[in-house]
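Two complexes come next, and they have one chain in common, chain A, joined by chain B in the first and chain C in the second.
After this line comes the complex of A and B, so read on.
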């Protein structure tokens, strides 16, 4: 049990990454009902943009500062998310195609992103340096890599910002209104197209941030997207798709079950890989609403 | 009612596809056999996804269960092949039924994610199965025993695969034209309206899932003796994406579309890889997006106007 505090730090950091991916899903799913499975690839895109800016890989002998990587990830992913919405989702919604059509089209987008990343960056994992170096940080018994504490801090900042956006701003209320009832929201003058496009842009930015934050721990790899997409979705289902806090709770719960289970349960480590899938199935079947009940339309 | 000419057309197609097996060389035979497996899988997946409207990601998992079950039962445990074959098929059907009972209650893409989780679990179990499943290395060094006294080798195994495709197609076409097929399409288009017209939605959904997944298991059993090697990677997520793309590009809901889609998507890499390398997957992604946006009836819809009418 001596390593428990460190395990808690590590599980919290992983959980925060899952939570960010879950939040990216949620930002898109709430107003549009579209489950965007390409989210994982968008996180991978963020990771590779980070590598390209921070290491001399893309431009030899040029290593950019971390704030530039952050800005590049947010700007490029925001544009990409917006572009994907305009090109693939908007025409389908306008045509009145069923909700499955945009979801399937986004699976095509997923493959386009992944294979483009593979062609641009190759198949080998690429490390990126942590902004605060490789030194260890200890807060009392809780010790871990500086990057883990950065992930935790950044995630909480993002969640507070998103929570304030939804609770305190007109735009946030507009998002919430669209999520509750698209037609009524349109009737009271909310611009549905703009909300949908912004939802995709915001989702892509959050996903890209998750990718950028996790790369110093895991490296950027072309196969990183799909597992992230599954883990993020599992976190979303555990927490419930209705509330922002649910994504955070679901991500943390998933990571703690994974890591504490792998550490303390007397079963082969390979089988612990199945934990997220078991959790996903259990929650989908037994508690499809997640742990936190969604806000009722009043 | 199928007339004599239709029976003749079926026979002619089977004979032609079988005759090809005796003419092809070693490498071409391998390509041809795998294409036939893909067509069989695409046909049953088209019924599940295109006709019954269930976006499930478990099709390859059931193919894997079929393949592993028959090899383990026949060659690890040593049961007679007939019993191993029936056992493997029964296991697929039972497992599919157990999965279908809760899974078909899920709406839309939630079904896809639940079945995706199930497929990943199947892979985890195969990877961790130790000597029984051979772990990540899989199982090799077995051969198809004589079936009913016939030792099926070489081109005759390819003929068997042609018959598998014909049997799959025949079963699904018959189902499609029955009340069951109409109920499936009705549920796909509007489950509430279908229920209001007296369709037992749950039962039809569970049946469609169980039946098509069992057909996937059958294709998996046939696959086990194509290379006489099975390993977990074949049954992973990559291939379910390809299968889905085959149906979308070929024309969702159309049997002809499933066949065309399977042939095009399976053969395209052989032509494209020398030109664009691994980039052919990007081409598929673009094709899928374009198909959904501009040609929802797929290639089959382009080919014949009638096929397009049936698919929509």
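After this line comes the complex of A and C, so read on.
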């Protein structure tokens, strides 16, 4: 009987990782209409930066505290996201390229990031210590690894912060205005270039955070980006591309279907690999807007 | 002035060619194909390190045929097509033999070159049973323990423990599936039931659901057939998190030392197949040399390379020249070679025209203790 509460903790933690990746997609997609599949590699970059700061396994072998890893991930990924926008996306937009051009360019960025990570950190998976150790934590019947509870707490904090940003700040309103109507937003004086750059920086920071948080459970490795990109994108489609809450809901739903299915469905566990794709197809057919519909322009 | 300068250049070039030629005559070139960046890197690099150490020790004692051994190391990225191209390059460079420390499919492809060019070709660590059967290449020899031998040893151990029902846990890579299939067949032969087979897919963020299913089946033991590091880490994390106590038996993949770093402190008590026993004098000698050179104790993997290069040097001495046919015949006539690899009392030999030399009783089962590859708890297939 202890299985279900344990599984709820595990699925919620996994769902939170998917949700963070979905949020990273959404932060870029909403104001720019660009789907950035390099998000997964950005998460991997965050994971490797975490390993480099926290352990002696990779340069600069700091064995530093967790807060330092967090700051390093947010700062470096923010800069990288901004740089990617400036170098690859902005020139294309300036020249009036179609929407597919930045998407293709970002696929190139994906390859560059993956190969760079392999060259810098090698092909071996690198483990990372969790800030609160590996011990099992139990909150009543809900038991799991301390890192799983940290992931859940941190994810909810990020989502609350992002929601408040969009709902309560002028900058958030500017993002929303650009998302609703780019041309009208420009006409009322919103700096589109700055919004786009900030969107890429924020998306990269959230993706990097997802990588940092999941590494103690999975290790950092150069192949981790693509599965995350797929799971995050699926979560985004399920939840709906228009709202922050949708990313969270989509991530959680995907993880619960995966893990409850793997545990309780009378099918070979290998078939659970297909769950994200089945969900993706089902939602694209039946509810292409996702679970939560975006706000309409007034 | 101009003609004087030209003459000086010509003399310098002539001297350089003569020096290079003299140097080449003083050495025997041996090509090594390894994987430095891809999925076989885990084991390829340590095995290559063993080859390098073996060559160094041999050279300190005069090399082979009175010449120093010169290793030319090429990275094939564990890609079959690249491996064949690298083998071709090594042959063009004039190597007397090729040592393949890469994935089995890559070694298989490189054989097309060794067969065509009649170059002695050795793999000291590859375990695929088909390497000497898919292609009839008389110049190719395999000295590592075959997968079938390792499996039979693990199954003999499993049976000796009285297990009746087990679970197999694997990832969704082709190699892991192949391990799991072999486990199934082996378990079937010794009458042990496979209660369930669980797959942890690549990219999974938790293996809790998989191991809950295993826990619910109340099996006697878990056979770990995974090969992908991150997914194996998930397995060990979930095992620990769920407080499970079922014994874990692993394939020889667990002899790769990188797993001890990756799943640090999570593998205590896990048993795995290996071919290395530190109580054996030849293994101890190797370990002492290794510690002296690198300042750390070796895993079993460098010992494969160490034995491989020694075997090659022995064949060269036996052949008395680098003639390709004589080298092949000398290698084929190897019998009773006792290396660092293999259980106590085991020896290698390519008897009856076989080109797989490992003693069927030479694999061992070891246990992980204090985050290290610990003592042998079982040997052979008895």
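In this text, the second predicted complex is superposed on the first by the 293 of 298 C-alpha atoms of A that agree within 3 Å, B and C clash if a C-alpha of one lies under 4 Å from a C-alpha of the other, contacts with A are read in each partner's own complex, and residues count from 1 in each chain.
In this text, contacts are C-beta pairs under 8 Å (C-beta built on N, C-alpha and C of every residue); 3 or more make two chains touch, one makes a residue touch a chain.
Everything quoted here is computed from the prediction, not taken from an experiment.
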First (chain B), second (chain C), both or neither touched by A:146: neither
Touching partner for A:92 - first (chain B), second (chain C), both, neither: first
Touching partner for A:104 - first (chain B), second (chain C), both, neither: first
Which superposed partner A:112 touches (first chain B, second chain C, both, neither): first
Which of chain B and chain C A:262 touches, first, second, both or neither: second
First (chain B), second (chain C), both or neither touched by A:214: second
Which of chain B and chain C A:6 touches, first, second, both or neither: second
Which of chain B and chain C A:273 touches, first, second, both or neither: both
Chain C-contacting residues of chain A that also contact chain B: 118, 226, 230, 268, 270, 273
Chain A residues touching chain C - in the complex, by the definition given at the top: 3, 6-7, 10-11, 13-14, 17-18, 57, 118, 122-127, 134, 136, 143-145, 214, 217-219, 221, 223-224, 226-228, 230-231, 255, 258-260, 262-263, 268-270, 272-273
Complex contacts: residues of chain A adjacent to chain B: 35, 37, 87-88, 91-92, 97, 99-101, 103-105, 107-112, 114-116, 118-119, 226, 230, 233-234, 237, 268, 270-271, 273-274, 276-278, 280-281, 284-285, 288
Residues of chain C touching chain A in the complex: 37-39, 41-42, 172, 197-199, 201-206, 208-210, 212-213, 216, 229-230, 233-234, 237, 240-243, 258, 261-265
Contact footprint of chain A on chain B as seen in their complex: 53, 55, 102-103, 105-106, 108-110, 113-114, 116-118, 120-121, 124-125, 127-128, 237, 241, 244-245, 248, 277-279, 281-282, 284-289, 292-293, 296
